[in-house]
Amino acid sequence: MQKEEKQLEHTLESLIQRVQDIKNSIANLLVKLENEYNILQWPSVLDNFALLSGQLNTLGKLLRNEKVPPLRNSILLPIALSGDRDPELEKVTERRVIAFNADVVPHYLRTKPEPEVEERLQPVLNRASSLTPEAAQKQINAMNKMTSNIVDIIKSHQETMEKEANQKSSLSQTSSQADTNTLLSAVLTGKGFKSSGMRRTDMAQQQSNMQAQQQAAQQKQQGNAHGKVQSSIKTNIKQGSSTHPYQRN
Amino acid sequence: MGVVCVFACPVPEGKSGQQVVDGLQKQVEMMGATKSGNFLVDCETYQSNPQNVTQTPQQCVVNILHNSEHPASCFSVTESGQILVSDLLFEDLMSKLTMAKAGRESFYSQRKGFKIESRGQRYEVGDFIIKIGSVSLASNFRGILIEVEYCPCVILNECWNMMKELLQSMVGNSAETPPPVLKHKPDTVYTPSDTILQYLDHFNNFRKAVSAPPPSR
Amino acid sequence: MDPSMVQQTFKAAPLTTEFFLQGSVMENSLETLVNRLKGLCDNADYQQESFQDHEMVFHIKNTSVPTPLVFRVRHSLVQTECWSLRYLGHAEVGDKNRPTLVRSYIDCPTSENVAQFIGELGFRMDHEFVVKGFYFHKGRMKITVSKFYKMNQPGNTTNDTIETVCPSYLVELSVVTSSGQEAVGDDMKNFAEQLKPLVTLEKTDHRKIQLAQT
């Protein structure tokens, strides 16, 4: 007997603790909503709700715990009503309930939902009870069928998308690192542009000579072709020819 | 852009360069010429360090000139008279040649005390542009150069006689014949490079004269 | 404008720093790339601009250090009066946070006698090649897609005497600006993202490529 009492006491203590936690969380959220409504971010509101829902879950788990004695079987009896102010009660309820009188007791010791809630609950309960078990089973089966269909559709979509992604990656190659390196080494060091047969310096000499000749010829042609005045400075330069006075200096 | 002739104006005994310049300016203003800003032709000289340039054992000289008439261009002339006209960025390229880097000595270096320039007043009168410039070598006065440009024409032979008249009134008989640099091309189209070559010719003469006694003041 | 002011402006902010990324595209995907670039770049409503250039690479050597100084003479085979002399510095990879390679870049338009001119300065031609391709621009970014050709006869740039060195096209994304403008790198990185996976534009370490040659 004593053991059961102890257990009950223990349970009540932890229940009070959990409810206190929930109360604090709600108070926090309310403070935030009132004072920071202009800078409050939606994610942080969601965080608060998540916290609350977690705490409610813990409370539920506690109640379902095997060690918790069936509270339903315990009875709460108001031993004495009094119109006088009770400072102890005031302190415990954070000044919400000042006196334990006939006004507040029916509210606080209520065992049924409020009348409005009962009213709304009633039609739902009626409908549920009017349904035959066979009909209910039918509806459940239909629901299961529908959800499994939707799951199938989503799965097939996923498959096609994955297939496409695979195909893309296996598309023919568009660039090659080896080619980039070949091109860069050609541009940077001239690899691939030089003939291997000739000695490089000879070739360079020969090429620059040929280049000079070619250009001289080109310019002669240009000079003849455009005998007109050109405003551009850069395109109008005459070749330093052998008869130039600076050659003799 | 037309034909340009550049002549040196002698500074007589007993007169200062500034006096002669003032006299010339008065003279062109009498002709009705109006001032149209200043002008500057400058020249820097670079020489190769033959021990560093393996391909050319002999020393190379390159002159880099600017003309305020063509402010975005840079003119570079080698000793053989090869003249390269380019963007001003060419000087940045030249600085790559004069820069010693990673243990390598520079290929070229600037000749110290060789910077020479002609600077002065620019005038316009009718179809002519006249520039009267004082030449200074390393900030020392060396002489006077007169540049006359006849804008409507680009062939020297077709306008030389007219230019000669104007030039002779300013520099006297030295303008009897066209500038030596232009002798080989009396009938071809005149280009800004020809102006640069004339200036370089005069600049080289002034530099040579440095060893001789300086002009009297 | 006052002539001295023009000169000052040129000297005050010389555009001699190039930020760039490189990659390549295979011949079979060239069309896809060109179409994508047409859509991404500024000159979308025109035919893409193409170029054909002849580049001669000149070296000047020194007895003390064998590494030559390299100047590149480039001229257009289409607009034959366009010549330029270029200097490309060594590409700096920098740290990981820097999105692009950076090098000193001087591209100086010149008169057509530039090859003879630098020959007189002591430069000798090391090799030459032909490059053909397309270029696009978006803002100040320039994108070139180029194919490189070896010249079998010195000085001859006609089509029957040149042959490709590599079937792929080199793709370069670059911005030439004054030094210190690191912010352009982020724009370039974003642009490069849009070309993936067709072309991967990367910071390719040039030293590794040059080392692989020796």
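The first chain written gets the first letter, and so on, giving A, B and C; residue counts start at 1 in each chain.
Going forward, a contact is a pair of C-beta atoms (placed from the backbone, for glycine too) under 8 Å apart; a residue touches a chain by one contact, two chains touch by 3 or more.
The UniProt protein names, listed by chain, are A = Mediator of RNA polymerase II transcription subunit 8; B = Mediator of RNA polymerase II transcription subunit 20; C = Mediator of RNA polymerase II transcription subunit 18.
Just so it is clear, the structure is predicted and the values come from calculations on it, not from any experiment.
J.: Among the chains, which is located farthest from chain C on the basis of C-alpha centroids?
T.: Looking at centroid distances, A is the chain farthest away.
J.: Suppose every chain is reduced to the average of its Cα atoms; which one is closest to the average of all protein Cα atoms?
T.: Looking at where each chain's C-alpha mean falls, the closest to the middle is C.
J.: I'd like the Å distance between the centres of chain A and chain C, where a centre is the mean of that chain's Cα atoms.
T.: Computed from C-alpha means, the inter-chain centre distance equals 43 Å.
J.: Could you grab the centroid distance between chain A and chain B? Build each centroid from C-alpha atoms only and quote it in angstrom.
T.: Centre-to-centre distance between chain A and chain B: 73 Å.
J.: Take the average of all CA coordinates in chain B, do the same for chain C, and state the distance between these two points in whole angstrom.
T.: It comes to 36 Å between the two C-alpha centres.
J.: If you look at chain B, which of its residues touch at least two other chains?
T.: Those would be 79-80, 82-86, 193.
J.: Could you pull out the residues of chain C that touch at least 2 other chains?
T.: As it turns out, chain C has residues touching two or more other chains at 109-111, 113, 116, 124.
J.: Which parts of chain A, given as residue numbers and ranges, touch two or more other chains?
T.: Where chain A meets two or more other chains at a single residue, that happens at 234, 237, 240.
J.: For the complex, give me every residue of chain A touching chain C.
T.: 172-176, 179-195, 200-201, 203-208, 210-212, 214-215, 218-219, 222, 234-235, 237, 239-240
J.: Given the complex with chain C, which residues does chain B contribute to the contact?
T.: Against chain C, chain B makes touches at 37, 39-40, 48, 51-56, 60, 62, 66, 68-69, 71-72, 76, 78-80, 82-90, 92-93, 96-97, 102-105, 107-108, 193.
J.: What part of chain C is in contact with chain A in the complex they form?
T.: Residues 22-26, 28-29, 32-33, 56-57, 80-81, 109-113, 115-116, 119, 124-129, 148, 150-152, 154-155, 165-168, 170, 197-200, 204, 206, 209-210, 212-213 of chain C touch chain A in their complex.
J.: Taking the complex as given, what residues does chain C use to touch chain B?
T.: 1-4, 6-7, 10-11, 14, 16, 60-65, 67, 69, 71, 85, 87, 106-111, 113-114, 116-117, 120-124
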